[in-house]
């Protein structure tokens, strides 16, 4: 496989196509316009693939809902405000157990905010910004190559668990070019048949895909079913990277772009002899709770670094309980911290808590 | 003040009117239609008050945004799916620091779900279902009379902190009639002037209300300002009811409708000599974390009861840390537990953990 | 010879809306005094399906109008 | 007597779009060879505002067209 | 031997309709089912019901169905149709669904000429939620949110969605019908059939508006409700073909 | 003594426009400001800018302004106007804002006859986000999401929003103008003035569509862009009054 | 008397919600704790309407009645729906004009009243619910009859003296009805 | 040589993004770690365009350059914007045809090249960015000149041999330019 220098948004588009995605509907919004633009061109040349520039994010998510009902691998993408508009649709898809991939290239907020890279939609993504208490799998790539693997994985997870999967990046992930290689494309016809899809009741009873459960007992049953599914996902699908944690006395916890920078910071302080490491959740939901908890046998200080004013810090607190002290460093507006800045924050903690002896 | 037997939705409408609300925009959805219906009639007869049945929830929240910009106390209401559609607007209002009251009479979900009472939108309400990591104050009434006081308080909090406030109820709260009394109505003209409102730049510079902050440094500054405001709210505005907790060895934590039932259950088990009490968060955000934490000096078992499959349980875990064991009982579909059922759940815990000796 | 027909009304499906009565040009249907299980007074066919003198032509206008598909129509 | 006028172009506001040149029926504006600070070649008024022979009538069509309100128009 | 000349269509399930007595919805359901039977397309048809009184349409019409959020039926249907163009896809929507919250989706699908057959049931109120004003509510009409009658200054005018859709270039067939009498019902069925045929012929976006009665929320008997449609509603929404360019170029 | 016959309007701030060279937006801004000056309503006017290239309109037009989410300017403006009917409220919106994501809000505000003056800038693309297709994009036109040109079957037809709004009963004045030449600019200003006047006279919903040039995304020089508007765009969107019922009953 | 839960059920149009509302208002006038909970939403359409009233001396936890003490059932479907849920020792009030069936359970009491007949005799079938509430109050003593008369008067305040007179007569007639 | 960060900046149309892209691609061909980050969004409109390239022997943490090692500045506003951010000891490459100003800082080196003039001489001003990249590579040695030629060839693959020839000439001419 030859390496290609490719913009993050394009990488997602190409990876999705190779994962067998054949339906894309979206609405422009910076900083992810290059993704629909890529899809418009890619799908124009690909037999059986549909690109629709929808009239709105609402229309887009609902078109994806329809395509998913028809059994096709489908994707939509947007950035923060547009994702807010898709919450109703995501809730419906979670309720109807419809697979789809929803890409959120986060920007500054709340409101119109700006288009700089932030991680301010962590809660929305991991707690289900829509109604009804569903959950969505959330994947947080931190490099061009991971955009390839996680985008493709997103489609698989969506199909296996019949649930929407969110790929959560930021403007830096979307705009940055890095060398990437792609695996061979998957032929959608070779994917497992979806025996629930709507394709006309030929030689079988008619099918229904619906989230309406007027009877509370039936609704409750359905929700316990979802709860069991979510428990299974938590059991099986957590994913994280551990970096230099074996001998560490302090762990930085960061995801996505922030984790890149944190890694650079860890490398820096390591050079100064400080035993810090990086714990990088790759799945934000399910959060790698147990794995983080396990670290607290040796690590008593955790520095959460997020490009917001503190959201994942709650998951970290839940994970470590009272076994470690949780510190927080945040940049909530699109300023991208330097590794230097984070290294400073780490160093201060070593100094304040005398971790280096 | 004479008592009136009134339906919850109407109580909210009347309380809002008496709090000086003069703008309502909404879109019908069960189980809260009686609220817009009440407003349509009430405002038709009230000079200077505007009722609009909007073409959608999106339009409604944005109309409320406009009315709020103009300095008028404004409200919208909906139920779960409709609230999902309002997430973008709520995010904008949080970003622009615009006061408003948003009523969510929750129903079953995800998706279309059903119209039975549930508490499945706890995360959405308390974590900000929209983008940008803002927070909204969330009030959870549990009786007709509290619908009066909390609705009126919601308008005050919204104005004081210039932030949207969510009143979170369910179909039971909305449909049930209880006797209530109302305080005298407030004349909107006597409310503190809003020196930020848009009313024409007469003898002053023109004003701007916007959430756009293209410069990341400025966006960050704005977000730290919001963060400070949120910290102040957490400091000052938590509210909870403690019921029979002084000598308790187990606390049930429940809000809204669930708390009513839990209270009945506590009364039941008390009769059997079990020392259980009820901790009822009235503000869900800010969550009464310290107050709950303080209980763990004497209480080592906490039973969270929610009409969902587990959301507030996270806030409880964060609050009690490892000082108490957190148990959960949930009904996620609209079945309303009986006090009996919860009493059973409490009793089982007493038995299992030998709490009664 | 004029066409003859008859109808059968499923009184448990019928909700007594009366639209069939308006539709029937022959006046062959009326509302019954009885209540069905759902609490409606169903429509009833006045004529005897065996009678030679019945006016019902089997035109099916009643059935076309019936919102609850409560009427089956037969023609000789 | 035909009306006379003149214009002043703020070359730092000007983005060199050239619309004023099309608008001017008298040919009194052209694009300059110089770059302004923003990197545009601004428009320049060809005539001398003191000259009696200038063709500019002060009709303001250029200013009406200018997207950047870079032109002020004067009339004698 | 007596021969049965009218019976339940094959494409209608056995379930008892949950609709109120005299409601037009179940008539229209039956017409859709009859058309599906007659065109022989039951095994390649997919329906998208609305949020509205007809939310349970899948309990009655015996084809594959996928539920849409309120107002988004056409967007969902677009997704299905584009993903599998060989299917025949229809939506079934009330006036609140299609002409209020779903306005944008409706107009843009028509404008794109999506190959869909849209059944638009105009009963002038929000039936399911208890009789609030709909965009189509007549001036002066009392509903639960227009207690003194619809006032144009506060509540706007009756919206003629079908006329607006006629402006969209991608719509090829739009007709307004009613189900107040056998005659109208027969015409409505013809129109519905044509809307499906237009899709099968790949011509463009087709919509049939059906004026329907909501006796419950109008607080009229079914017979009075039908009369109201004929005497009042049709004044504002006259029946007939609003757009038909299917024969262009013949 | 020479007398200044053209200068910056009072209602325009000193800031340098951020728009591209030759962009129509800043011309239209100036026209709005001139109208506000001439009507003497600066101190009771509130504007609602869009998400779009004109998102920063508040940096230029010197009146109170409140930002709306993309497409919701008219809903926000409705809230302001209904809350304080004594204010003069206008929105300023691009074609993506008003005719795609904001379709429903636009149509229903027109239908309710909201007392608003709406400036609808039709430049046939999404300028701010980098030149994607807009609902108004012409057939065959290449944009970043229609790489081979707009195809009706995939992308739909150019949408004539103004014509649709004319169907709504609450709209009283709709005119289409352009800013390609001094003559057109003068007409556009007259139309904008009338749209404000209609609001001041409490007559109903008024909208001025302005065909504008986006040289950047059309990849044309400003002069070529203006020529394209006149030669191609106006073929599809002819200038003129589309609806004017303001003199009804005179 | 602790906490009492009552379900009222019948066809839409029989005034069952009004019965519940009257009872709850009457309880309120006596400064009791009361809740009134209508069934709502899709359930209402076509089928039966019902509501649940709780009257209590202490605060009411749940306004829902899984096992009501009393059920006032105005038609046959209501009996079929609720028979199984009535508390042992509880009482069913039946509109015997419309309900021919009788409960199969032997652990509950049955009070059958031809309320339609009585109401028609009094002038209008629309008073049937008032007849029933009179009988119900007389039998259960949940609130005083005069509270009921007072609450009905205030509820129908705008309807004028004639309606009030009819209502009062109906309530009294119901209260006077001798049940077995 | 660790990690090197370079900012390219100029007017839109001067091909500054292409310069960055060429450098990053060349680095990739040499199996270095590279990132390329364009400035995006509203910033692009009207004003200057710029991009940041990182070339490194180890994984790259942040693709952003707070303090770039090198800055390639094609016009005066770019110099004004970036002068303050260049690392001490760093080097500024200036298009001396357009930039008359010189940095005031004494802790950075300045390489001034009349790339417009050279490009025009070679046949088209549009080659100015290629001239600059040639000079930049020659001076910094970040990648081999032949990698640059190779990457330019592949990037402009569809443009045919003539364009390639012109580009190669421009790069070589730039590389040959003798700076002080």
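Order of writing sets the chain letters: A, B, C, D, E, F, G and H. Residues in each chain are counted from 1.
By our rule, a contact is a pair of C-beta atoms (placed from the backbone, for glycine too) under 8 Å apart; a residue touches a chain by one contact, two chains touch by 3 or more.
Worth saying up front: this structure is predicted, and the values here are computed from it rather than measured.
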(message) As a teaching exercise, work out the groups of chains that remain connected by touching when chain C is ignored.
(response) one piece
(request) Can you give the shortest number of steps from chain B to chain D, where adjacent chains in the path must touch? (result) 2
(message) On a CA-centroid basis, which chain has its centre farthest from chain A's?
(response) C
(message) Just the number, please: Cα centre separation of chain C and chain F in whole Å.
(response) 60
(message) Report the inter-centroid distance (CA atoms only) between chain C and chain G in whole Å.
(response) 37
(request) Report, in whole Å, the distance between the mean C-alpha point of chain G and the mean C-alpha point of chain H. (result) 87
(request) Please set out, as single numbers or ranges, the residues of chain A touching at least two other chains. (result) 30, 52, 55-56, 58, 81, 88, 92, 96, 111-112, 115, 210-212, 214
(request) Pull out every residue in chain G that's touching 2 or more other chains. (result) 42, 46
(message) Residues touching two or more other chains, restricted to chain D: which are they?
(response) 15
(message) Quick check: in the complex, which residue numbers of chain F touch chain D?
(response) 2-8, 12, 16-17, 19-27, 30, 181-182, 185-186, 215, 221-223, 226
(message) Help me check something: in the complex, which residues belonging to chain F touch chain E?
(response) 100-104, 107-108, 111-113, 135, 152-153, 155-160, 163-164, 167-170
(request) In the complex, go through chain A and note every residue touching chain B. (result) 58, 80-81, 83-85, 87-88, 91-96, 106, 108-116, 120-124, 127-134, 210-224, 226-227, 308-311, 314, 317-318, 321-323, 331-335
(message) For a test of understanding, state which residues of chain C touch chain E in their complex under the given definition.
(response) 5-6, 13, 15-19, 21-23, 40, 49, 58, 60-61, 63-69, 71-76
(request) In the complex, go through chain F and note every residue touching chain A. (result) 51, 55, 67, 69-71, 96, 100-101, 103, 126, 128-130, 132-133, 135, 144-148, 154-155
